[in-house]
Every structure is written in C-alpha cells, then in structure tokens.
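One chain, subunit A, links the two complexes that follow: it is found with subunit B in the first and with subunit C in the second.
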Partner chain A sequence: MANAKNARHHIVIGSGVAGSQAAETLREREPDARVTILTLSSLLFYNRYDLPKVFRGHRDWREFLAFPAEYYKDYRIEVRRCSRVAGVDGSRRSITLEHKEEIRFDTLLVASGGRGYIPEELVEFRPLMHPFASYTEAVTAASVVPDRGHVIMLGGDMIGLDLARTLIDTRHRVTLVAGPQTFWPHEVTDDERPGLIAALENMGVEVVEGADAGGIASIEQGAKGLSARRVLFKDGTELYGDVVMPFFGLSPSVEFMLGSGTDIERGLLVNPALRTTGEGIYAAGDVCQIWSDAEKRYRFFYGWKNVRAMGDLAARNITGGDEPWVPAQDEQLHISDDGKIQSPFWEYE
Partner chain B sequence: MGEIKPPTGEPGGPAAAQREYLSDDPRDIGWVRQNVPCQTACPAGTNVPVYIREIIERQYGRSYETNREANVLPGILGRICSRPCEDQCRHGWPGNGEPVAICHLKRVAADMKDAGHRITESLYSPTGKRVAIVGAGPAGVAAAHDLSLLGHDVVIFEREERAGGMLRYGIPEFRLPRDTLDIELHNALRLGVQMRTGAEIGNGEGQIPMAKLEQEFDAVLLATGCIAASPLPLQGDWEKRELRGMEGVEYGLDFLVQMHRGVKKVVGKRVAVVGAGFTALDCARVAARLGAQEVTIHIRTAEEYIPVTQEEIFEAKREGVRIKGLRTPVGLTAEGNRLTGIEFVQNRLGGWRAGGRRQAIPIEGSEFHEPCDTIIIAIGQQTVNDFLGTKLELDRWGNVRVGEDGMTSHKGIFAAGDYVNGASTVIQAVGHGRKVAKRIDAWLMGRERRKQVVRIVPVEQPLRERAFDFIPRQHMPTAPLGERMKDGKHEVELGLDETLAFEEAKRCYLCNLRYQIDVDRCIFCRACIEVAPRNCIKLVRGVEVNDDGAYGKLLETKEWNQVGAIWIDNNECIRCGQCFKACPVQCISISRCELTEVEI
Partner chain C sequence: MATDIQISIVGSAGDGTIAAGEILRNALAGMGYKVISFDVYPPEIRGFGKCIARMRITTEQAYSLKHKSDVMVSLDDSHAIPHAGELRDCGALIYEQGSIVRLPEGGHMSAHVGPGQLPYPVPIRELSEKSTGANRSRNIVVLGFIAGLFNLPVEGFRKAIGKKFKSKAAAAEASEAAFKAGLDYAAKTFKLDDVVFGPPVSTVVAGATVEMINGNAAIVRGALDAGIDTFFGYPITPATSIMERLASEMPRRGGRLLQTEDEISAISAVIGAGFAGARAATSTSGPGLSLMAEMLGMGVIGEVPSVVFVSQRGGPSTGMPTKTEQSDLHMAVYGGHGDAPRIVIAPTNVDGCYRCGGKAFELAEVYQTPVIVLIDLYLSNRYETVVFPARPPFEADLNRKPGKAAAGAPYKRYALGGDDVSPRAIPGDKGGMHVVTGLEHNELGRPNDSAELHTAMSRKRHEKLKLALNHPDFTKFKRFGDEGPVDVGVISWGSNFGECLEAMLKARGEGIRCAAMKVVMLSPFPTDGVAAFMADCKEVLVPELNYQGQFANLLQAHVARPVTRLARVPGEPMKVEEILEEIRRLAGKKAAQKAA
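Up next is the complex of A and B:
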C-alpha cells in the first residue's frame, strides 16, 4: 500500500466536466494518490450548460455548483482556484503557475477545455461583445440586457442556440447573424441548412445570413438614445441591439502547453487512449484532438456526455488501464415532428 | 570547459571603467556575445540596445545610423524582418514576459528620423580595385555598400528592371511599401555604386558572360539568391506530371514575381496555398486581395512550428485566411487541364529535423480530398546555376560551395546570401553579404583592414527603472480591414507612434549595461541581494573561463569561508538598477559595452 511519501501526485488542469469527472475516477481507482485540480475559475465546478438560467433570474453562484465544497473534502481532492498555469515542463514533470510556484506531478491530465472563439477579423471589437463562457460572463451579459431586450447573436453555435431557446422563452428578442459556425459543432450540409434555419425562425429567432450582407464591417457602440450596440455590415445594412454575443464555437486552451514537449495542432494531440506525446501527460475534453482510426484523422469530440466519458477514460488509463476512446453520444442534429431542433449537445444530466 | 580562475576582478572593471576605452580582450568580447542575446542572434550583428536607448532619448536619426552600421536597410528590415533577435530577447525568457518589439522599434528609427536626416558614412580612400556583384537583392546591396565604403569600385548587374531582388519582386507592397524600398536602396547605393539593371548574366543572346566579368573586374560576387520555385513532390500518376501550364496551378515565387513585374494575376474563388513560410503567407494574403472567397494554407505540421511571426499569422487570419495542419499533398484532381482539388494524406508529428523544424510523418491510408480552383505551391526555393558558364563546386543541395574566405572553387569568384545558404531570410542575406564583403576586401588588399573590439563607456547611473519591467508589449497598430483590402498596396502595419514607441523602448533591459561589484570595496552587507528582483547577485568562489577566453559558469557557494566575491550574474540581471541604488558604499559600477570595429 502506498504511503504519503510514495503516493503518486495526479494533477488535473481544469475543473470542468472532464476534469472533475477525472478527479473523481482517479480518487476511486487510486485511493492513496494525491489528486489536485488547478483551475482558473474562482468557483468550484459548475455546469456551464446551466448558465442560460441566469436569464431566468438565477444569479446566485451557489445554485450553479455541481457539488458542495464537502464533496472535495470527502474525496480528498485538492482544488486550487484562481490558479493560472504559466507553463508545463514535460521532461521535469513540473508545472509553473503564473506566480512562479512550481508543482511536481507524476501524471498530468490537461482538461482545460476551450474558450469562446472569436474570428480574427472581429477581435478588435471584442470589448463591445459579451461572451457567455463562464458564470461571471453570463451574469454580466444578463445584467446588461433589459427586460424583453434585443440580443444580437453572432455565429450561432449550439451553445448560443441553447441560450437562444431560453431568451425566446423569457421574451427577449434574438437576431442571429448566421455564418459558417452556425450549428457548430454539428457539421451541417448545404442541403440540411435551410430546414434548420427555418426551424430556428419557427422558434422565434430572427435570422440574418451574414454572408448575404457581405460580412460584418464593424461593431459599434450605439449613440445616445439608441440601442447600446450597432452591427454594421459591409453592404451598408445595420442591426441595433442591446447586446452582441459571440458564439463561434470553442478554441482549445492550450497556450500554456507550448514548449511542454507535447504535440499540438489546434488542440493537444492524443492517441485513442487519450495519451499525449508527453510522458505521463494525458488530455480530455474540448482541449484534445483524438486520433480516430475509423476516420484516419485527429478530431475533436464535443458534448457533455463525450467530455465526461473522456475524463473518466483518461483517469482509468492514468491508473493502469489501456482502453481506447469510444464516443459516448451521437452527433446528429434532428428536427422533431413538431418542428423543433433537437441536438445531443443540449442533453446533460 | 576551460581553466578556473578565482574572481580577481574583470577587465574593464570598476577601476578601468572611469573612462571610455576600446578593448580587444576576449573576455569583453565574450561578455557582449553572451549577455546581449539580441545582437548575437542578429545575423548582421545589429547593436539593438544602443539604438533602442537612442529612441528613448528621441534621437531617431542617430538610432537609424546605429542600425545602418550593421544593417544598411533599417527601414526595410523594420517592416519585414523575421526577428531572430526577438526570439532571444531576455525580456521574453521564462518569467520575464514578452520580448521587446525590437523590429517595430527599428522601423520607428527609420520612419521618425528627420526628413533632412544626414547619413553618416566612414569612407576609405579609393583602392583602384573593381568588384562586380551579380544580383541586386539584399545580400548584393549590403555587400555593394560595404565594398564601396572600403574604397572599391562596385558595379551591380541585375537582370530585372529595378533593384531590390526579392525585396521588390517577392514581397507584397502591403508589407513593404515601394517608396520605403526605393529610399533605402538609394541610401545604400549612393556612394558611387553603379547599378546596371536589365543586365542578365549568362551565355545567351544579349546576356553578359561570366568570363567577361572575370576579365574586367578584380573580384566577382554572386548574390543571385534562390530564384526558382521548388516543385511539389506528388505521388502516383502525378509524380512525373508537369504541373506548370495546368489551369489553376501557380508556383508561389513565380506568382509574386510576375505580379510585381506588372502581370495581372487571377485566382479562383477557392484558393489552396501549400507551404509554411513567408512566401506562402504572402501568397495567401495576395489571393485574398485578388478576390478569392476562401483561402486556406495547408501545412505539413502545425501552426506552432511554422517559421513566420505570430503577428503575420494573426493578420492573415484577420483577412480571412485559414490554416489547416497535419496534411501533405500527394496528388491533385482535375477535369481535363483544369484543377478541381487536392488529395492530401493526414500526417502525425514526428521528431525534429536539422535546423529546428518539425518532421511530419504521413499516416498510411488516411488520404482525403479538398476541392479548390487554384493551388499556389510555396514549399521552397532553389538556386539556379545555369547562367554561370564557369563550373563551380556545388554542395548536395545544389548551392555553390564556398570556403572560409567566402570564395568559390574558382579564384576571384565569391558568393553570398541565399545563393550560398539556400532560401533564408532577408536579415541573414544582409548579414552574409556584409561578411563576405569584408572577406573580399581582405583578399583584394592582402590583409584584414578592420577588427572587432568592445567600446566600454562608463555610465553614471542606472538608465532604467524597475517600473519599466511591468510595461506590457505595445502592439502594432494596423489598417482597418476595409481599407487594407481595397487594393493590394495599402500598408497593413501602420507603425508605432511616438508615445507607443517610447513605452516600448523603455521595456528594453539594455543588456549591454554591465553591472559589476568592486570586490575590494564591497562590505558584504547583502543589501544588493535583498533588493534584487531575481536571483542575479551571487556569492561565488570562482568563475570558469571558456576556451575562447570569455568568462563562463559561476561557481556559486553558500559557505562564507569559501566566498571569493559577490558577483552580479549578468545573465540573470535585468538591469533594473536596484542593487546600484541600494549599495551603501557605491561599490557597484555600470558600464556600457558595445561591439564595434576599428582599423587595424
């Protein structure tokens, strides 16, 4: 039996669905190990799928937590919040935090997820947009949208469209500026797209095809007496709204892994057992591209069920397993008999 | 490892540093090479800390001249340099933040100098020697400038209608405005260099044979660069098929050269660029300006490993260019003679190749297809030797082989730049052109006429404040997308204004400042150690001396009875000046150490 001196130290970067599930599995499979979660967040694990609730008046952060603080105590999982990882040295098996502290690990699971991607041509307008990727951002966005206010949604990935359902339900006006990322991460064919757009319109979402207007020229602050935001298109047309929210899919959070000795393309490249090319380093969730033998390419797998299953699998493989990744959910976008969009990415427990 | 010496004080130490003087002590030269990483990394040896300090003093003209001492084209390199200096900048070392925007500051010096700025050149008497240079690209121009300063009569033979080589014909105007190029070339060549454009060397009709140059000149320098686009290696039926002439197929270098010669270029709606260097990125951005609706750069490895600056990648993406990694083209698809797409194979990342590039390993059975109407092949460039007429020894890559003296296997014929080294960067070409010019001079004159020394100048107080270390890197303002895409010429990077330049310049650690403790006066109170922001002041029992005579590793100790000195580790030191201010007995001195050249 391991003692405090020879117990392994498993570090998990990220306290989202994948990271939290992994920590739990690590504890269950290796009771004596030291398990540490490093997270940028000031909150313990909360489910981002619940965030649309802020538009229904739920603003208390305690309502969003997946587990009470006692859970981590009971599971002996150390959670270090507000910890930004500055770098990882795979050869020395050490992590450096932004405040220069160095932490050694025996195994590392990177589950840092993704942040909302903003196309480079719109980056300069970032200060005028309201992202929706964290509890803080969600509360900020909800607080600036007036009752029955008008939300201009750019991109329209499935995270955004999930929010749109809530916004329509709470009598907000939603205008979607659709583009290539609409319905992301679903890969929608040209044949499927018109039916899906029509379903959105039936839902109450007003849809503007961004390409038809030549693309977005600028996002501006509205003038006094007008709405807070103006989206100007290259053909001269414009949209006014109370808030502009970008939903262009996710971009993996891997910057701190550059120079770590692990291979990165867009995300961390892992084999089907979720091992990176760095010794003792694994990855799970939205941050990794998994080699698919069937498709002969590295690809991302999204969705709550997939991400949780990845966290669990990575932990099992860290603790001696050697199982390959098998997707845990289907990826098909459907329109139900009553004309509503049904996406597996909206399903979570 | 060389001998180990007790720390008995350094050359140019506190006692000596009461006055300005020149030193050829290898320890001083070694100190600069070790401690001024930006200058060491610059192939031309640009004195970066000095020119940045001059920007802080708002002496833009002087800063421009400091640049010109090493790199005769600051206004150009301040825009398009590949920035090896920034990769090595101490401010970018782990824990120190982001590197200083050295390149942007170079441009500040060039752009903000007075309109009537007086150029300073130190001229040698005429030697009566004549040198022919073939090629008016960066290597040829840099060599021509230096050789003319040294008193030789220089004639450049350039096959194109205008001088500049790849600067003019390979780099788009939105990165390098042609008025800037013209001014910089004019400044470099105004000392009597004869420029013969439209003069092609070769054995054909209307061409000038090499033999004629050999007869008429005392030395010939070949600086023709890499002017042939490398072919795309494909597989199967496509392996031996000639792609030139196929509708929708372009070679990147030819595409750019033709466009800059005035040929109207057209691309399809969906453009695929294959390649990972500056040429590939330039082609993609040009295609976007020519009206392509979808431009994708396909690379063999991943974005992390492509040898272009992050800023260039970001700007290309802002313009709508997408980058897709881990793929190698293995074939094309076509309808008749018209391209319809590319067959790729999926790659995984392999080990490291020589030269620091990542290997890509194709995965068997992972082929896939991507449709496109135009492919621009930009996977590299090669030298062309068929103009020579004279047989020269080549290396295995087909580049001409030169000796230590820069001379080819043929007496009196020298070579420089990409023509020797293969496709590289503009600053490498400039640096190599200068180096070879010096060797040509030595060969013509029968002796070296200049040597490198360190100028050591006492400095009375720290030139920086600790607060400067926390200034974030200032970002380059850029033209709005709408404006830049209107035509192919609108410069994208607008340059730092005076306020941004001043803030950015303050970030430079001024690594050429040498902080030293006078051991004889030190009272070992540790006050300096207490205020040091890093582990930069050390108790040592000795210092290793490298084989080249420069100081090496510090031999630290924590035992007081072994302490030979309290020593400032200039490698760790960020020149904040805290130790200088804290010392109660003023035993810390500061001197500025600059590499320079003097007559022998």
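Up next is the complex of A and C:
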C-alpha cells in the first residue's frame, strides 16, 4: 500500500532495539505514515546481545538479523543504512546527512544508542584494542583470537562480562582488568563488590584490580614469540594476551543533535513521555536521560527490555499517546545460591 | 566452486564507465574466466547520457547476461539509482559515499539500497583526488576496490590497465595510484556480501587461442582469416568499428580499404570488386542497408559474390542508433525490388560472428550471390571469451572456374542446367569474356526479356541458393535441450538466442520438457530441419527483438502452424525471466489441457 499523500513522515535515528521497536509500533499505529530508519550500520537490525555467538563459530551475519529483509518491505519501513546524520534542524524539521542530503520529517525519534566509551588515558591505544560493539567488530575480534586464546578485558561492563561467560564456556582464557566501570551500568557499592569479584573468579575469570597495579601505563604489540598484545601497568607488572577488549560502558551518541534546539546533558534530556525540548522530537534507549519525578533527576535506563519498552512508548506517544515511562526491568545485580552472577541486563528475548 | 557473477558499472558519459568495464573484463578474462559483456551508452557523442558496462563472469559456459547483477557500481547516482533494483539480494552495491553538492531527498544512492542488498559507500572522489590530484580516476579507484573486496589477483588488473593506457604514460601512472587507493580502502572494508569468485577453469585445447572480443571484432577476424581482399564502407553506428578495425589490419595484410562517400558507392564498389574476383565486403546498419537495396539486386541478377555485414539498431529512420533491435530481418531477406533472393545468415553469439564473418565469403563465392551477415548492436558490442582454433576453418578460392569450352563455342556465364551454379570466369580469364548488366539476360549475359528466359533465370537464381542449405562445415540451425517430443520449443535467431537458451535451460531445471532451436541461416530457410523440430513441440515460442514478429512471419511463411510470439522492442536485450515466464505459461497451458 502506498503512503497517503498527506501522511506524516516519522524518522527514527538508530536501528537498534529501541529504534526498530519504535518503527514497528509507528507502522502499526499509523498505517499510512511514512516510516524511515536512519542508521550507521551496514546491516539491518540485529541483536547486539547475540554477538558473543561469534566465539561459538557463528560468523554469518544473516543468523544475527532480527528480521529478514522481507519484513521491512512488508512493513513499508525504509531503512537507510550507512547514513550518518550530520545535523538536525528542529525549527525546519529537517535532517542533513553527512553526504549533504536533506530529509524533512514531521516527527523525529532519536534512538542512536551509545558507542563504547574509552577513558581519556587509553584513547591513544585504541588501534591496539578490539571493541565489541557491532557485528563487524565482534567478527574481527573473534577472527584474531586463537582457539583457547587469551582475552584481556578492560573495564568489564555487563556487555563484556556477558561475553566473558561465552569465552569461558568456549575454553578461552579471560583476564579482567577491573576498575570503576566493572559491572556497569549496575551501580555496585563497595560492600557488594568483593562478593561480585569473587563470583567472577568462581566463573573462571582471572581478575586483576587495575587500581592495585597503579593503572594501565600502556598497551603495546606483543613481543616476538609471545602473545599479540601486552598490557603494561604502572607498577611495572605486565599481562600478555591475544586481544585487548575495552568494556567501559557506553557513551550516548548525540553529537549530531547539537544545534537542534534540544537540551542535552550527557544524553538527550526527555520528559517522562520521552519528549525532548524540541518540538516533535523524541528520544529512546541508551541515548536519553529520562526525568524521574521520584528521584528528581534525569537518569539513564539500560538493558534490552527497558530499551525496547522505550522505543515502543516513544512511538505510542508520537502517534497520539501521552503515557509516562515505567521501567520494564529491575536493575539489581544478584548472586545466585550457587554463586553465579545474575543480571537482568543479560536477559533478552 | 563454479563462478557465475554479474557486475554492472553505471555512470555518466565522461565518468570512464565503459573504460572501467573494458579493463575489468580484460583483467577477468586474462585470469581465465569466461566473460560475456555488453555496454550501453548514449547516442550523443559528448554529453551526460547514461553509460552502463555489464559483464557476466563464469567458469561454465553462459549464453546471456543475467537479469540481476551480483555487484553494482554507481559512478553517478542520478543514472544508477533507477537500476538499483537490478542488484540481487546479498549482492554488493558500491557507490560514492559523499557529495560535493547539496542533494534533495532521495538524491543519494543510500536512499535506494534495498533491505536485502549490501551497501558499500566508498569515498571514491576523495581517494581519486588524494592519489592522483584529480577526480578523473574515480573509475580506476572502483576497480581497485573491486579487486580488493573480492580478493582478485592484482596482477591481472595491472596488466589490463597497462594495456589500456600503454601509450599514455601519465594516465598509466595516475591509474596505478588510483587503483592502489581503491585496493587499500577495500582492505579496511568488512565484506558482507556473498559474492565469491571461485578459481577459473581453463578449457583451452592445445594450439587454440583465447581472446576477449566483441561481435564486430570477431566478424573482422573471420573476414581476415577468410582472406578478404577489399572493403568499401561508410561509417554508421553500430557497424563502424568493423571498418575501423579492418582499416588498421588490411593494409598490413596486403588488402585494400576505402571509405566511400556513401553506402550506395560502397555496395557498388563491393559488387565491382566481386565481379573482378576479389573477396569483397562492406558493413552498415539498417539505414545503410536501405540505400544498398538497389545494388544488392544488381548483385543478385549479375550473380556476383559480395558480402554485407549489417548490424541492426532501433529503427525506423535514424531511430535509436545506440539501442539494439532485430527489426531489419524483413529488409535483409526481402528488401529490394524484383525477385532478388540472397543468402542471409545471422550468428547468435560472438564465436558465431567469427564463423559467419568468414563463411560468408565461402557462401558468396560458391553460390555466386550477395550474402548478408545480420547481427545487431547487442552482438556488435557484446564481448565474449572466444576460443579460436589453431587453423582458420575457412576455405580459399572456391570459385567454380569454367572448363575448356568447345572450340568456337561462346562462354556462357549464366549457363542453365546442372545444379544452377554456373561456372564463373573472372575478367581477364582466357576465353571468359562475357557481359554483366542489371538487365535480365540470356546464358551469355546478353539482355533478353523473353518470358521463358526470365522464368528460367528467376528459377536458377532461387534454386541455386538451396544448395547453401548443405554447405559444408557450417551450422544452419541447431537444437538444444530435450530430445524427442517436448511441451515447449523455443525458436529464435541472432543475438536474442542466448537469452532463449538460458531460459530454456532454466525451464528444464524446473522440470518442464522443453528444447530450443537457433536458426542461423535465414535465407534460404532450412524449412525441413525447423519443421521437424516444430513437429516435436506441443507449443512453439518465438521470442525476438522487434515489434512485428518478423522472424515469426518468416517462420510461418515456411512452416504453416501457429506459434506464440514474444516480440518486444525495449532497445536492450530481452530478459531471460520474461522468456522463462512465457515458457512456464505455455507449459502450464499444456498441463491444463492434459488435465481437462
């Protein structure tokens, strides 16, 4: 069915969990509307939580897609891949892509997610690290780790620790250089931390407290005959591994929204209905900070279920709803009776 | 692993689209792959029209281009966007990442990448400018990217680029830098598509040579191998390159070529040269053939060997000079006044162009008549990997010389009787003096318009041509596919047969009993062979690239039974899928009739 002549054009920036859910809800609630997803990715929506499977030998991207190509045809959802947004003009309701194409919108949902955060002191070593935020990065990392190879994991957010579970299960060696971002986005107290670290060690992860070693001094190529990477600590100790993978949490991707007329702190600031301060502009997922009346502050909500619920809510509110955000999952990190870590952020469908 | 990959490069005139296609197909053919290639370009000599270089690269023999490409390159989104849907799912779409001007919504290729296709935005312009200082080498950057992405041997590309720019050192140097820039960028690109080149398979027999060549070049090679002596011509798209190639080759081989003032002069000179005993030819397209019609009649009545290579284009009148069509069949077979039978042969592929290009001289000489070799733009410009035999398969000097006449008896140039082919004296042969005019004549060649002679000579001119149906070592028609009775038989001719053959093979793969026949000799028509094939077919499908169904008309004039016509004039090759769909429909019709 063709879009009606005066139908609205809803643009969603981001093709992750939030963006894809939003596009589907938009289509269902407004059948005549035009729905466009803009994404940097080369691939259609795939579940990032599935990526550890690459270490189990799953390397064909088609296995990771949440929906086949026909889904987008059937739902009449345009997906513009490899499209980087250069800027958003909220007053003109237009988006300019990096290749100088201008697209008009009636409503905009920013669900651009977050990119892997790297602490300032480690940025210069980025070329020697293997990030794990996308399918291509995951396959690249997996392809350089030998069978039963050694992975040095820096930071240790819950995405990384989820990968660690797979790596241990596939008989790889994992050394975690722990720090303040370990267990991110869970907020872990000093009292809880030793027990959680012990649970990790119980899981098979070798843990090095980075602070105890004085922090990381440098990351280098491995010496000849040894592993491919060397992590040197300020106290003079060193670690050799096949790859160094950073897991320091996510940093919201919002730079293209500067000048859009919306308020930005670390992420896009939205009210409980997920509206930004820009007319017709909403945000959902890891990119937005939602006002919490109870806590009297803007805060992030993470996890697959929360992010999907945000995408759905934003789309419902874009199409006439006015519902407030209610978290879809708890945020507590648990240790089960058998000593295993249990995180709600590891649960997805 | 079998390779069957089609690559399309789409750009604007001036982008180097056709040049990129030429380098790419030469590189791939040089690596040992079989290649079929066909370029589309605009009629304007300069300007901004659309250019497309398409090539199918295989390890098994292919017969046509595919409906969908596996790889598509856009050098100009305004031209390439309408073709984005011609890329298959999981295929690679390579396009310019940026833009130097503001674009309206939908003005960039990224807006048109289908959900099943894989996008590869590449900073083509930037890579060209950084590596060469100019954006002129964007086409070569793309070749480097293709080489890198598909892990193809770089040396093959370097050879092909070197060959292309062998006389332009600066261009060769810039191309080398641009190629490397594209190659390096590919090394940083994550490959997502499922396009994989398997190793090439060499099937060349000892002594043979393999060349990447187009239809016009193959005709030239056939003519040269058959010993062409003289050529007279006037340039016209898409036949011009026949004359151009001969112009560079013939002087080196002791031949003569003259560009005449028009087509009438060209055919007149050919007939004069044929009368003088030379193997002579001209080349033209539909408009030129119209001008030659009267003198072809002169060749018929004078029984003078002459060869005309005709490459058809969209008509009538000036029509569509750079689009293909098969609409000069009536003109070739019947064109002209009076009963003027001639031999018309139509090769179906580039190898056939070589064989017909040479055999035409044999046929003209043996049966003393004009011979038209009828191809079209699609075949003229279609490149294929052709295996040339170690020894040319053409015979020299087949003229039937007069024996010794009885003392005092005059030489009868047009002697009646026997097999209707009269001994032919060449001017200067002792005792061979005779008259040749455009007038009806007696056996001596002297003007005579009696009813008896005109009837006898008309019969002679027609009947002798039937001997050509048994001319040795020349395929007049050929059947492919299932033997014996079939549900659907596809009969076609000329360049269109490749698509018909592919469609028939696909239909067989679907379990439909079917066969295909190519008819190479269109005049005289091989009625018996074609009728026997049609008798095996419950349904006969005749696909061709003209509006009237000219071949179906010809067919039905010789074999009286209904056929299903699939006559189209898109200006480009017919789609295999379209023919296949018709085969399915006809097969289904038969199945439904059976069930009823």
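Operating definition for what follows: the second predicted complex is superposed on the first by the 346 of 349 C-alpha atoms of A that agree within 3 Å, B and C clash if a C-alpha of one lies under 4 Å from a C-alpha of the other, contacts with A are read in each partner's own complex, and residues count from 1 in each chain.
FYI, a contact is a pair of C-beta atoms (placed from the backbone, for glycine too) under 8 Å apart; a residue touches a chain by one contact, two chains touch by 3 or more.
Quick caveat: nothing in here was measured; it's all calculated off a predicted structure.
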With both structures lined up on subunit A, is it a clash or a fit for subunit B and subunit C?
fit
May I ask you to decide whether A:Y298 touches subunit B, subunit C, both, or neither, giving the answer as first, second, both or neither?
first
With both complexes overlaid on chain A, does A:K100 touch subunit B (first), subunit C (second), both or neither?
both
Pick one for A:V123: touches subunit B only (first), subunit C only (second), both, or neither.
first
For A:Y72, using the defined touch cut-off, is the partner it touches subunit B, subunit C, both, or neither? Pick first, second, both or neither.
second
Could you tell me if A:L258 is touching subunit B, subunit C, both of them or neither one (first, second, both, neither)?
first
Distance of closest approach, subunit C and subunit B, by C-alpha atoms in Å
6
Can you give me the overlap between the subunit B contact set and the subunit C contact set on subunit A?
100
Using the touch definition up top, name the residues of subunit B that touch subunit A in the complex.
94-95, 302-304, 314, 317-320, 325-326, 346, 348-349, 363, 365-366, 368, 481-482
Please output the residues of subunit C touching subunit A within their complex, sorted ascending.
89, 97-108, 110-111, 113-116, 118-121, 190, 192
What part of subunit A is in contact with subunit C in the complex they form?
42-44, 61, 69-73, 78-83, 97-104, 136, 139-140
Can you list the residues on subunit A that touch subunit B in the complex?
86-87, 96, 100, 119-121, 123, 217, 234, 258, 263-266, 269, 277, 291, 296-298
